[in-house]
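Have a look at the structure that comes next, please.
Letters A, B, C and D name the chains as they come in the text, with residue numbers starting at 1 for each one.
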Amino acid sequence: MINVGVVGATGYVGEELVAILLRHPGVKLTNISSRTSGGQKYSDSAPWFKGKTDIICESPDINKIAAKSDLVFLALPHTASMDFVPELLKKGKRVIDLSADYRIKDLKIYEKFYAGHKDKSSVKDSVYGLPEIYRAKIKGAKLIANPGCYPTASILACAPLVALGVADPASIIIDAKSGVSGAGKKVAEAMLFPEVNEDFRAYKVNKHQHAPEISQEISKLAGKRIAVTFVPHLLPLNRGILATVYIKKSQKSKDKSKNLLQLYKRFYKNEPFIRIKEEGSFPRLKDVAYTNFCDIGIEDCAESVIVIAAIDNLLKGAAGQAVQNMNIMYGLPEKTALL
Amino acid sequence: MINVGVVGATGYVGEELVAILLRHPGVKLTNISSRTSGGQKYSDSAPWFKGKTDIICESPDINKIAAKSDLVFLALPHTASMDFVPELLKKGKRVIDLSADYRIKDLKIYEKFYAGHKDKSSVKDSVYGLPEIYRAKIKGAKLIANPGCYPTASILACAPLVALGVADPASIIIDAKSGVSGAGKKVAEAMLFPEVNEDFRAYKVNKHQHAPEISQEISKLAGKRIAVTFVPHLLPLNRGILATVYIKKSQKSKDKSKNLLQLYKRFYKNEPFIRIKEEGSFPRLKDVAYTNFCDIGIEDCAESVIVIAAIDNLLKGAAGQAVQNMNIMYGLPEKTALL
Amino acid sequence: MINVGVVGATGYVGEELVAILLRHPGVKLTNISSRTSGGQKYSDSAPWFKGKTDIICESPDINKIAAKSDLVFLALPHTASMDFVPELLKKGKRVIDLSADYRIKDLKIYEKFYAGHKDKSSVKDSVYGLPEIYRAKIKGAKLIANPGCYPTASILACAPLVALGVADPASIIIDAKSGVSGAGKKVAEAMLFPEVNEDFRAYKVNKHQHAPEISQEISKLAGKRIAVTFVPHLLPLNRGILATVYIKKSQKSKDKSKNLLQLYKRFYKNEPFIRIKEEGSFPRLKDVAYTNFCDIGIEDCAESVIVIAAIDNLLKGAAGQAVQNMNIMYGLPEKTALL
Amino acid sequence: MINVGVVGATGYVGEELVAILLRHPGVKLTNISSRTSGGQKYSDSAPWFKGKTDIICESPDINKIAAKSDLVFLALPHTASMDFVPELLKKGKRVIDLSADYRIKDLKIYEKFYAGHKDKSSVKDSVYGLPEIYRAKIKGAKLIANPGCYPTASILACAPLVALGVADPASIIIDAKSGVSGAGKKVAEAMLFPEVNEDFRAYKVNKHQHAPEISQEISKLAGKRIAVTFVPHLLPLNRGILATVYIKKSQKSKDKSKNLLQLYKRFYKNEPFIRIKEEGSFPRLKDVAYTNFCDIGIEDCAESVIVIAAIDNLLKGAAGQAVQNMNIMYGLPEKTALL
């Protein structure tokens, strides 16, 4: 039984984490905390938990959290995680951080898109928690930087083509569309219902903070530094990300024809949460919503490839993937509590 | 040509007012103002107006407004209108106020639901701007208290039965459902897209500030003081109010059978914006959205009547009805700019 | 281990049933069938099941179904269940029927709202599967008539007041609002996305087939025959029913004041799936969506009571309640697979 | 006064056409027709027209239509227009066809994506009704092939870059997203509310019938034959298309830096319905819904350009553009009835 804590339990991601951990047979959820709802019954701030748990949500106190936990999930806004990670690690706790704070290895890039970093030394030891790419390292990790939602869908869409040299990584264009829960419970006029409903818009065009995260990981797979083109859009729905990716084939791959669908199936053949669509069939958000699956469809054009990937941004894009990482770290069956 | 000003031009209702007034052939829109966007081009804060108008949105200044206007529309939050009305009236301007400030004649009730009143003397002279009931008074009015959105739908649903003594006004139950624009651009967590989308909820159950407004008007029609039961709900859509009203028949009307559908058709026979549905057919929001119509359907049960009324809350429930009142005040054809 | 079959596995309710039964530790799902997708892999017609199950969906064949099942769930359209029930019962199988075919005891009423009945003798032995009212009978039942979605919410809202004589059952008005999945995958113009989105409408005003089902059950609780007023509306969202109920207090209850909230809490105190909201707080669909809970809020007015109940129409209103009934029938913990 | 007829008046596009033509001061709408609602009052099949018009919807009869019309709008499904066009032209009528039947000049391509063509000779004389490109030809046209909704947004996004040689037309990738009304009132399971709401999906990936239409027009602008990459997606909302376009710069344009925003402003400077967004600002559907505007935003990347265009698919993408074409054909101010 792993003793587990969740910090930031009242955000959209925090709620999903608590829901999964409550039904996880290998976990004891010993403590949850939140700056805004400390001291309350959790089911008072998140009424859908009434009848499921009587747990109290505490104000976050690192010593108390550490005393009760083997593993701590941090579901905090960017820049807030750095206040917790160093001390938790020092006390010998394992940490899965769902913020961006430990994802970007190049701190200049981090500081350009987020803020000054207060825990630089931990950054280089963190493991990027994308199981399909880093499973071996995740097993022994002390600190997991859980991937962003857009990067999860985008990297999983591109990885086989890039890793196998079939595509030109410098040509990658990612046209991504996200549901609104991806923005968290941020109270802003632009997120009011009448401003989003019946609307659709691009935002942070080619300037989103997830672009360098994706570029970092694609660069590692490619073995050279590239920068992707990335345009996110806001969908008038609650949950889900769909990324439509356009990639030019590499010269060598144009020469000999390959069955790209088979290539994807082989690349992901042991992955419990990757589902490759059959030819002519493409993912839809409905099939992945409320699941930890990533569905991928491939269209082989003459000179280029179109790959479409879909995930639930709160699960495979956040809380679900975090628990998948925990399962790997503790040698549990990877699907536990996630099917 | 009437010189017209709009104060509060950047809210949802203000934008609708400006849109109607710009296409109104009898109006010159000489000034619009807003506390939040003063000094900007209007189309910068409301980009859908780009290519339609180059008007500048000013900071509100009563003297300037008065100098440029024969008639002023106030599309302000409740309690803010009282700061404008007395001086505008003193300067001989006519005013159509879309807030609640001048609707409630009993100031004790106003102060219970809103706040202390700073312009009590104007309240008793204001005319409740529901043309179907008060057209004659509206013609000569200096100050119109434009009805609330829920009251417009609710009163129009009940008026024929109450005015003709067919129903027992004390039995009125109004189950009302509103789209989200009814709440204005209020930035609150409860109004964020993920909190409203795929949700439906009652709020202020039997405690909403529109209940006494409805009760006041039904009481006048009934000739005795009654209080309606009123439960509002929040619909996950942008525009529209649908009120389902349940009323017991009065004793005398149970005795002799009447054709209630004909009764409604006769009562509203000269009304340009009331549409009575045929038997077995009922209103839907789609048919009234983006129009100034109120659609009404009637189901005659043995002992009681079910009446369903639908309006666009921003038009017949606010900006459209305000312009309808202006057309009446200035002797213009009532449908001008409203079809 | 109970061997279980599902007939009608590809409708919205059927899919929810399969999802619950797959994760139920006391069940072996031995067969699923569907007239439209017989012979296919289930995950081909319902792709969100890919990676969860490889089960094949058969064409329905009563002998095969009976051979493989101890218990059969029928998730069929109304009038189709009658073709399966008699033979399954004859072969000693237990049946939970989710259609309306065995709910209405008065066959004249059934035949008025549905069609001619082909299995009249089973109707009188069926048990109405609302656990909060009929748990004892459900235990030993051979044939469960699983309640309709509107009736579940409506009856649970009214039951305490009616059973304890606090309210006048003849005064009950139910203003109900349902998400679109309640209509099933019926392909009709009125159910197209642009016809429902941004719309809201009442339908079958005081003529819906669920009205007599509700009246039947309220009459039993009241000990006298009454007919409720029932108006359903269509919400532009996928899942959930919210019923707002208006009831006059009975004379005796007006005399002595009671704490109605406490009364509800006591009435439902051992119920695992009923959650009573605290004073001034009311249910919202978001809290019950994807759960088997029924949330209930109460507003005590002087002469009357307003009760609001919310459920997920596909779970507590259909598949979830069906499994709850199964758990009771087989002596399993009632919450199994439902939390 | 132009005498005008509308064939196909009860589809989504037909209804928008009738609404615009009813308020058009230079038009007399003498006849509307529909195969499904012939002989009915139009406001019976489209109740939102009640109180606006008493016009009767006829069954389509070419002789009667011709006798009453100078100009006929055909708002028919693809392949149905060919049955009307030849005879109407023969009788000297002008025709604006909103189907795809006369858009594709290469009949082999038309027949691959649609069906056999029955009126080949008219195809070569038809004028592609995109005013921003073909205004001069539209003036004298007898037969307008009104552009598709996706092509309108896509071509307007690309035209300045391609026409001025700034971009490489062969590199064009169009990631397009459309609201559901674009599919018309087609009754299909995939278009049911629960199948679209909270979902998002690509469809006809690189195989959509609008791709050759876009390629044809871009090829003409480029002066060489190219084929665009085009992926359409279905948005869970009623109205609007947003196209995100990715284009590589041409070699010569990479050499000398240009201000692309200024280039767009100059290219479209006299266009009444094109609005170019300022730097860093991008279109949203809300600003163009219910208008005839096309909003365009430009992001100049080092080697490539991202252009985002948004329109209302029923107006600038269909009925609005058709009336804009009529205004041009008859020498009326181009904005008449469209602001």
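To be clear about the criterion, contacts are C-beta pairs under 8 Å (C-beta built on N, C-alpha and C of every residue); 3 or more make two chains touch, one makes a residue touch a chain.
Since the structure is predicted, the reported quantities are computational estimates derived from the model, not experimental observations.
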{"item": "Pair sharing more residue contacts (C-beta pairs) when C-D is set against B-D", "value": "C-D"}
{"item": "Reference chain D; chain at largest CA-centroid distance", "value": "C"}
{"item": "Whole-Å separation of chain centres (CA-atom averages), chain B against chain D", "value": "37"}
{"item": "Chain centre separation in whole Å, for chain D relative to chain A (CA means)", "value": "39"}
{"item": "Distance between the centres, which are taken as Cα means, of chain D and chain C, whole angstrom", "value": "47"}
{"item": "Per-residue multi-chain contacts in chain C, two or more chains", "value": "195, 197-198, 236-238, 286"}
{"item": "Partner chain C, residues of chain A touching it in the complex", "value": "23, 47-48, 50-52, 198, 272-273, 275, 286-288, 290-291, 293, 295, 339"}
{"item": "Partner chain A, residues of chain D touching it in the complex", "value": "173, 175, 177, 195, 197-203, 205-206, 229, 231, 233, 235-240, 242, 244, 246, 282-286, 289, 297, 299, 301, 304, 306, 308"}
{"item": "Complex contact set, residues of chain C against chain D", "value": "12, 180-181, 185-189, 191-198, 236-238"}
